[in-house]
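What follows is subunit A paired twice: with subunit B in the first complex and subunit C in the second.
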Partner chain A sequence: MRRDPGKLILNVFVIAVYIFLMAPIVLIVILSLNSGEFLLFPIEGVSLRWFGALWNSRQFMDAIGTSFQVAAISTFVSGIFGTLAAIYCIRFAHRMRGALRLFMMAPLLIPEILTAIALLFFMYQIGIGTRYSIGLQIGHIIVTFPYVFLNVSSALFNFDKSLEEASRSLGASPLMTFRRVTLPLIKPGVITGCLFAFIISFDIFNISLLLKGIGTTTLPVQLFDYLRWDFDPTAAAVSSLSIIMTLIAILIFDRFVGLRSLRF
Partner chain B sequence: MSELRLNAVRKRFGNLEVLKAIDLTVANGEFVSLLGPSGCGKTTTLRCIAGFEFPADGQILFDGVDLTQTAPEKRDIGMVFQSYALFPHLTVQENLSFGLEMRNIPEPERKRRIADVLGMVQLVGFEERFPRELSGGQQQRVALARALVIEPSVLLLDEPLANLDAALRDDMRFFIRDLQQRVGITAIYVTHDQSEAIVMSDRIVVMFDGEIAQVGSPKEIHDRPISKRVAEFVGKSNFLKGKVESRRTDGAVMLAAEIGPIHATAPATTSAGDTVECLLRPESMRTGALDGLENQFPARVEDIIFLGNSVSVHLTIGGGHRILALLPADFLAVPGDEVHIGFSAANVWCLP
Partner chain C sequence: MSGAAPDARRAFLLVVPALALLVAFFVLPYFSIIIMSFREPATQGVHGGGFTLANYVSAVGDTFILRKLGETMLLGVGVTVITLLLGYPVAYHLARMRSRWNGLLYTFILAPLLVGLVVRTFGWMIILSNGGVANQALSWLGIIDDPLRLMNNYVGVTIALAHVLLPFLILPLLANIQAINPEVETAARSLGASRWRAFWRVTLPLSMPGIQAGAILVFVLSISAYVTPAMLGGGSGRTMSVLVVQYLVENFRWPAGAALAIILAVAAIVTVALFFALTHRVTRKLP
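And then the complex of A and B:
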């Protein structure tokens, strides 16, 4: 068999990229299984003791709980409003479409820290400040919203309108058409958007740091605080847990819509 | 089943007047084609009938009931789209069931009607397939079935065959026509393919620039076009210029044409002394046995193109006039040969 040098180079390149992307993840997981005291490589032995330590840490477990709650609420709110905004923008906003689109995407374009500072000022202006986590929640919704908006927009953009007309010609009202035809067909976009929203919210640092309510903290902020004083493998265990949760989210998502439907 | 009537329907998009007072009546059970070049407003007319566009002016009546401003879902239409527009997330069975569910038809009857219609379009056994698992022709038949299963009063089709390959397109023409006849449904069919319109329709509506140029049976449109533009659009044409010498009451005229004196047929508006242009279709020319043909000319063969079931021949007659003839494939001649051609007076039509 003749070997194609171009193909060989491509394969080597692709493998190198994968190693580059995957190595830190693999390393973190290995570090979290360390039986030694320090966050060092090579590890001294294999154990789950740091996962145990994580389980027993009030601070970390609370932070995980907060992060989950904030991400869930953000996903829910952004999911609904992002979808509705995308429908309005693509279907009904004719002349203003470009401007509206840009406006909806602004949180993506403006550095997160600016959004955080602006929102912090605003919360103090209206007299709430950081007494509750409300500012934190709003910040997360603002940042996750564009992900839903963008994904649903592109699903709607590629949508063949004659499908809706076909539905109308068969006797379905506009509302029925939306429920039976449009929504099922843009569902992959909605779910992808929500998945992004959830993962992004879980990951947000700047906004959480500035806007977290008194006595509450999210996982990335807690991790940051922890690593300033302690350098033990608990941090790696937390990271491994995040990775596992992300994988679970993707698997659930795959069951729902199938990653195959994201291919073009 | 019902009669459909358009009264002076006008439609504009911005400054563009797309439909200029369209008047049309389609009888119960009739198959009418809207034929015209791209951009003449065929789709717009159909979409006004369907209720996807609303005319600026005029009425659309279904069995005498004015539905001009009624939403499409309340019109009792069935529509077949050029892209088929099958719901990709539903199986064939569910696609067909959709319209029946909207009409609150109980499950057993839905099942029965879907089975009936699938039998008609020869797709029994495909119930559980998704549209993407079907060939183009099969998708086309599902689209047809979906529009028919709801037993609408009018069936609207917008270039349903445009995406099929040539052989399949020929089969589907007869298939759709046959199905329409069996069901007895009123059908409006949009196409820019004149041969499609001719073989399928009871009547053809020729449209140019948002106006109806001519309405008539396929034979009228083909043999007795109202203008040179219609004649050229509907098929291959030879045009002969001449002056009317004499005219009989039955429309037979004697013409002093460029190629010599010819017998022709003229509409009532033509009288002796007029200068006219006549249409002579290539397929109405004959060679060999010319008995009974009023017009006979010697001609010289210029070139021959073999078309499979016929030959397309360029001839020069009457001192250098080139005309095109479509002759049977057994026409044996080579360029340079002298032949005799003939055509009947009925096939020379003076354009009004």
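And then the complex of A and C:
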């Protein structure tokens, strides 16, 4: 190995950027374990008292429950709609494929805040408004849908079409072919898309802010509202809980499917 | 393939649920923003009876709104330039690296993206507040006596947005640089180009599509961001999105808010088109 000042400078710079990327996240986790009253260094001692405070906070626990429910429904609906649409796009659409793909990806390409405003106006115009949080749920499905579509499309693109043709020519019905051949082959894409949909739904803010019904709040909106008036380690505890959940999801995912197969 | 025809027609049913969902709750709502922006304002109810251009006229004539629009665009350009300067070396480094740390570093880039936006911005509140980590560290080092105002202005918003959006720049660029054969740079070097010149004349132009994709993504996401400016911007660091939400939620001025949203969207499209025109000369020469 030859010494190279250019390479050294690049390495130092790159390490600094990685520290920049991870710093806020690491700080939150450390401060959530603080036994003191404030979000300041040096921490006074290590304790789980703020996680206890979180457990006893009805607002936060309710918000976590709502977020889980909304994310689960979004994942389920986007998972089915996205997979079916991707199969059509890759296998059957020919001339229209490019336009169709672009249309399916549109909710991802257009800023979420605009979609939130559009949906808010629309829900009022059809007379539903923000009742029952229907608009919120639909908005989450619209925004998570492209992630499933994209990941399933790229899984379909990468496998050999002749496997399906072989199954059909051996007498299997289209449904049978789908269940026994196509679905097992695209399973990693479906899992990736659904996992992504769940995590994204858990994070969606603008749609939740504008379309939440009275008395229902998702976790990000609740945290946002909380931080307007309070600035204490309870916020750090709930944040670090969501960080840890995300990390666990990433680790499990990396083990079974591989991080590189994620598609944006 | 005459037998495929009925199959293909039945297959269309696969895409019907998704199409119905998107048309009903994505396409139609976008029409309702446009329509809303031309409605007359009203004190009773959401909008008045007739249609008018007044929402646009008064927005364009309002120096406060024009200044906010300018500031938002400037913020977008600033964040894009910063993320490019920070992100390009990281993408280049990771694309050319052959080691077992590869996967871990990739996780470091991806993980922040999957952690919630509010959570990451909250992390920056901890760092940038008056008694926060940054000010503590600087005064401990003896660099400053009084705390710097890093929050409730555009400084904080710019830093935090650069952090939040950095992965969106790195990921497309990474894929792009990985696809460039390292041999072309070696060839340039062997023909006598310095390392810097080889990078400047060969690798950088070849990575232009990645730069384009990443920069547009970061620009559009930063001018339309709501959470970060709302949490870190305070009174003086309010962007157009914050203003729009304020119109809709606090002031209940929907027609005027809709007009502002459309003005922001049009400004974004014009800027992206300009950027395309400027970078077109470089990408046109690519194979």
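Observations on the structure shown:
To be clear about the criterion, the second predicted complex is superposed on the first by the 222 of 264 C-alpha atoms of A that agree within 3 Å, B and C clash if a C-alpha of one lies under 4 Å from a C-alpha of the other, contacts with A are read in each partner's own complex, and residues count from 1 in each chain.
Keep this in mind: contacts are C-beta pairs under 8 Å (C-beta built on N, C-alpha and C of every residue); 3 or more make two chains touch, one makes a residue touch a chain.
Please read these numbers as outputs of a predicted model, since none were measured by experiment.
With both structures placed on the common chain, the touch criterion links A:185 to subunit B but leaves subunit C unconnected. Of the two partner chains, subunit C is the only one touched by A:210; subunit B is not. With both complexes superposed, C is the one of subunit B and subunit C in contact with more subunit A residues.
Look at A:176: by the touch rule set out above, it reaches subunit B but stays clear of subunit C. In the superposed model, A:167 makes contact with subunit B only, not with subunit C. Looking at subunit A, you'll find no residue that touches subunit B in one structure and subunit C in the other. Taken in their complex, subunit C has these residues touching subunit A: 7-8, 11-12, 14-15, 17-19, 21-22, 25-26, 28-30, 32-33, 36, 46, 86-87, 89-90, 92-93, 103, 105-112, 114-120, 122-127, 129, 131-133, 136, 163, 166-167, 171-172, 195, 220-221, 224-227, 230-231, 241, 244-245, 248-249, 254, 257-258, 261, 265, 268.
In the complex of the two chains, the subunit A residues touching subunit C come out as 6, 10-11, 13-14, 17-18, 20-25, 27-28, 31, 39-41, 80-82, 84-85, 87-89, 91-93, 100, 103-104, 106-107, 111-115, 117-122, 124-125, 138-139, 141-142, 145, 149, 174, 199, 202-203, 205-206, 209-210, 219-220, 223-224, 227, 231, 235-236, 239, 242-243, 246-247, 249-250, 254, 259-260, 262, 264.
The part of subunit A that touches subunit B in the complex is made up of residues 160, 162-163, 165-173, 176, 180-181, 184-185. Contact residues of subunit B toward subunit A in the complex are 50-52, 71-73, 77-79, 81, 83, 85-89, 98-99, 102-103, 146-147, 150, 156.
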